[in-house]
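Letters A, B, C and D mark the chains as written, and numbering starts fresh at 1 in each.
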């Protein structure tokens, strides 16, 4: 499976040129994205109707809470931060044709590493330094964690889907063991790591409750996007992903690049975990596994591996999850409806892309 | 202070015949009693509840009951941030006047009584404890149950088994482990678990004891009588209404956060459910011990650590 | 499944063609692969199809075997107009095909491969198969090991299995697409005898080959394709009973015939090299073991001097591509030495060799030469990633890339809607121009062209040849690998002919070059 | 301590291991068939959870375990039909659709459970075991292996059936060809899309049955998210098994055994945290991957849609 088969890997920046042409293309893209979302909402609305729930009210609560109310939008933005890092990590891998399905394990280990180190460091050094070092440690742990699948893929050709899946199971167990047995906070009876004091966490933005993690998340995904689209390194990765034979022909060192992709991808997923702990959670509790990566994977596909589009889709996911929680509470629908909604959006968008692709093929060559 | 509305946040839907349902029902009862509104936010999971806490504080909740030990980091933080008082569990030291109250609940006295009942009613003289996880409140009950059993009859064996990590929804795991414990000789199972407790109940209903007779189940926190098929022996029921009522009263009196809340056998907020399966003699023996607890003759010390719990069980390699 | 023993025998009397094509046209994006072709396949005849690479032979076979549908024209089977909608229908009509590219499942045994195609609910009838194979193989003088895994067979053996498969299914028409290209001389003789026996039983055999000698030796009828059109057909009366050389001469005329309007006929002035000139590239005793699907290289040595155009001729698949890959560094296994400008580069990776000025223009322009989904502009620079001025400190200098891309688009006359167009959407010829522009970029010292004009139209072909000549005039070295004899003759100072991974001979430019190379190419000694 | 490890207890422990292994076995066998035919079926978790739900619903409404199993198979197949249409027929990305199906059906079944069962938690009667004469009287192993619901024997027999299908039938040849070189299958007149569609439908049926077994026999009831990643474990088992059904059986049983082991160690009073013990199966798999995981083990065309005549 090549990255190309997933989405037309056009280079956004070098894509359509002049003014009106660009507008038309952008408009079409918007239509191709928004149209299916509307269709998906309609389908999910039918399900709500079948459950005896007024879909319009449901959606209006989602939008009100997730997007329009000041505190709601702050929550949405805060929730986006780790998701953006995950999306960035997945984009790096997927664009390079590597199906890293181990994001959740990498996320958890990053989180545990940060939670274990930050409170300890904060006792000895200034908070900013503690955060920085904890962040670096978390990233390093996640990178090391990815070495097994990376080396197996690069030098043995072992399919990374199975190894990363396996490493996720293993990572979740390991995170648990670490929390319960190694980094347990002796001061509490609940199995969890020591808590980083609120004052020591990542600062909030201005007078809001938005974690500054959002800024880092945006920086990360934009940086990844620019790296993938504007730098020589990113181009190399994209070539490996789009056509590995062309990569060999062009003289790229595919195994080294493969390991680099894993390291970057896992590192970013680890950062996501660190950020969630250092910015929001303050600690890691036993058995905690939000499973963010698995939900972000479809978002990244929907964004066609474009960083900016991924911001929008991660935003959509956050609005759906923050707003959905509120709407579910007010309308008496279980929270699980959000999952269904996300799945329907995903499948409808995938179908839309297929139809679009067929059209292009029929019209073109 | 004025109290118009309180809110409760639970990780699971309030239909679990257990922790979540008891919490919501009690909050409703307390709210009704005090004439205040109750806002229920259920099924929130074990992730980050800060967004919901903030939203509820905006909606005018005067007290937010964060009804899960996993919420006890987030809730105090939001209380500090919004100024809205919160109630948390399993963090007694976090109490803060006017802002944070703790209601670390333990039915350990009740569990002790359940142990007495079980020891007296067990035919095989072997009883089992099956838990889906090892949070402190459950540890306290497991330990007390074992102590109660041994107090009533030192020769009765207690077998202890944890289903495993992430076992809260593992109904199949609950059934499997319970069946193994029954096979090891237990004819009464003391079970603690959320989704997985239904699997334990199923195991008890569908497995025969070594003597071919029925196996009985002692539940905790909630009351599963309505879905019982004749195997429910008892339940250590937690009635949280007094706790929540006291919280509202303290809030009104501006005394919130000055004390911790708890439940116990003495005021009837922890009690054993009596089902048709109960043997009258065993019940009478239990009642006697209960009187001892109420009078202070018998004291039950809670044990919170998992390793300490294990060491109380029969056959533990020390 | 009719058994071979009786099926065709009673058809011998029939005179009409089993399959008859008229006006069949098949278009692919940017190319007419088959251009209103008429063709009759008669029982009792070996019908040879000849034509250069890309002439449309395999496409025609694809139409007959149900893999592709014609855009125009009609197919008649036993006189009735029919559509061959799928391989299953083709087989039902009695058309069995041995494809150019092995069509066996590598992980299944020979027996299992032969059994594929029976109804899925059946038990594989292995014993019945063994009996029938023994029977058939005995009659036809074939040897097969039913228990060997297909992937362990040589390509020649695989082809035998495929022939057997077609016969086992009771085919009335047996199509062999380049079945001899991988066979040894004795294997070829055996196959020829086999075809003879088959047509005697009343089968119709379609035989595609590049070797004229096989065509004349085995064929009853010879059709010649060129650029998708059928340009000639020699019936049995003209094939049989003639002396071989005059027949070959006629075919060569039809196939490679120098058209009066073909300026390629103008030969370049030959460059004279003294022996003192230091070679730019020296290849010494290069050898490579055969891979699962690639031929071996054996003891290859030659020199390329500055300003020289050195040609490598030969039928596709005789190791030319592997040689190019070894020289470019894409393959670094094998033994021997490569010296470039006095420096041994045998161990260097692709990128280092490129920096030294060694460039390789691949023949697989879409498969490995370009990234189809990337814009034209980027594809110009795939091999210069990270180098100034197009990248500065790893950052892409979009402006520079775009202006330079525009210059290249103009210089090389790349017909593209814009520099942003995905290169995969361009026609083959235009993709080729992009790749060409890339390899000629600054710093080139020696360029290896693999089939530089493959699939191009005349005008483009001439332009590209012009450029190759320019490059040589600038004193750079040129290595041209081509299956097109005309091309090599019009360009090269010397031509080596590759056959089965060896250099069969090196021919200097001269009056006799055409004959000598031609003879080497079609397996005759000089 | 010694007396606790009675014959009855050991039997029950192993019995539990078998019960835990059966859903993994069915999921693994199902996934194996898809992968053999060249389809990477990431949606299997969705097929399992939907099979668990429909299987439970069927058994509950009909009062018949067998109708429940059939309903579970039908549920799994309903999900796999979506996968067939989108991924096999139209060639959409298998990972995207797979994750979409998993998320969607996890959510959907949780919703349905909430509205239907969350106030009553209906439970099924015990699955009637079928004792195998003589064998079931053996100490320990008799209770452990020869006293299960008939479906367990069928699931184990399925291993032999699968092995037979793969090695001794035309269908097996077709499946392998569809995964290794679909074009070669196509030219022999066999429909590649139909072959793959069949394989994915079988996956759905087996995953659905696995889910139904988990709910109806394993737990006796349905709760949301009851499959808990079993489908993903099935994918891993299938990939590790290199196309051999017996290896799936062994792998599934080893997983089940590890679970039983955690219980045994606790009952024995060995004070090792369960979390540590539970890492053992995953660690074992990783070690196997490092040791044996070569590229040859997966079908060459895995994950690639097939289109006739495409170049």
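Quick note on the criterion: contacts are C-beta pairs under 8 Å (C-beta built on N, C-alpha and C of every residue); 3 or more make two chains touch, one makes a residue touch a chain.
Computed from a prediction, not measured in an experiment: that's the story for all the values here.
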Comparison of B-D and C-D (more C-beta pairs in contact): B-D
Centre distance in Å when chain A and chain C are each reduced to the mean of their C-alpha atoms: 47
Chain A and chain B, separation of their C-alpha mean positions in angstrom: 37
For chain B, residues contacting two or more additional chains: 13, 165-166
Chain A residues counted as touching two or more neighbouring chains: 173, 176, 334, 336
Chain D: positions in contact with at least two other chains: 114, 224, 273, 275, 278
Touching pairs - complete list by chain label: A-B, A-C, A-D, B-D, C-D
Residues on chain D engaged by chain B in the complex (per definition of touch): 1, 4, 6, 8-9, 11-13, 15-16, 19-20, 23, 114, 118-121, 123-126, 214-215, 218-221, 223-226, 228, 259-260, 262-264, 266-271, 273-275, 278
Partner chain A, residues of chain C touching it in the complex: 29-30, 329-330, 349-351, 353-354, 360, 362, 364, 367-375, 377-378, 382-383, 385-386, 391, 394-396, 398, 402, 418-420, 422, 424-425
Contact footprint of chain D on chain C as seen in their complex: 62, 65, 67-68, 86-88, 90-92, 97, 99, 103-108, 112-113, 115-124, 165
Residue numbers on chain D that touch chain C, as the complex places them: 168-171, 173-174, 176-177, 180-181, 183-191, 195, 300, 308-309
Residue ranges of chain B touching chain A (in the complex, touch as defined): 13, 40-48, 50-52, 54-55, 58, 69-70, 72-74, 77, 80-81, 90-91, 93, 133-136, 165-166, 168, 304-305
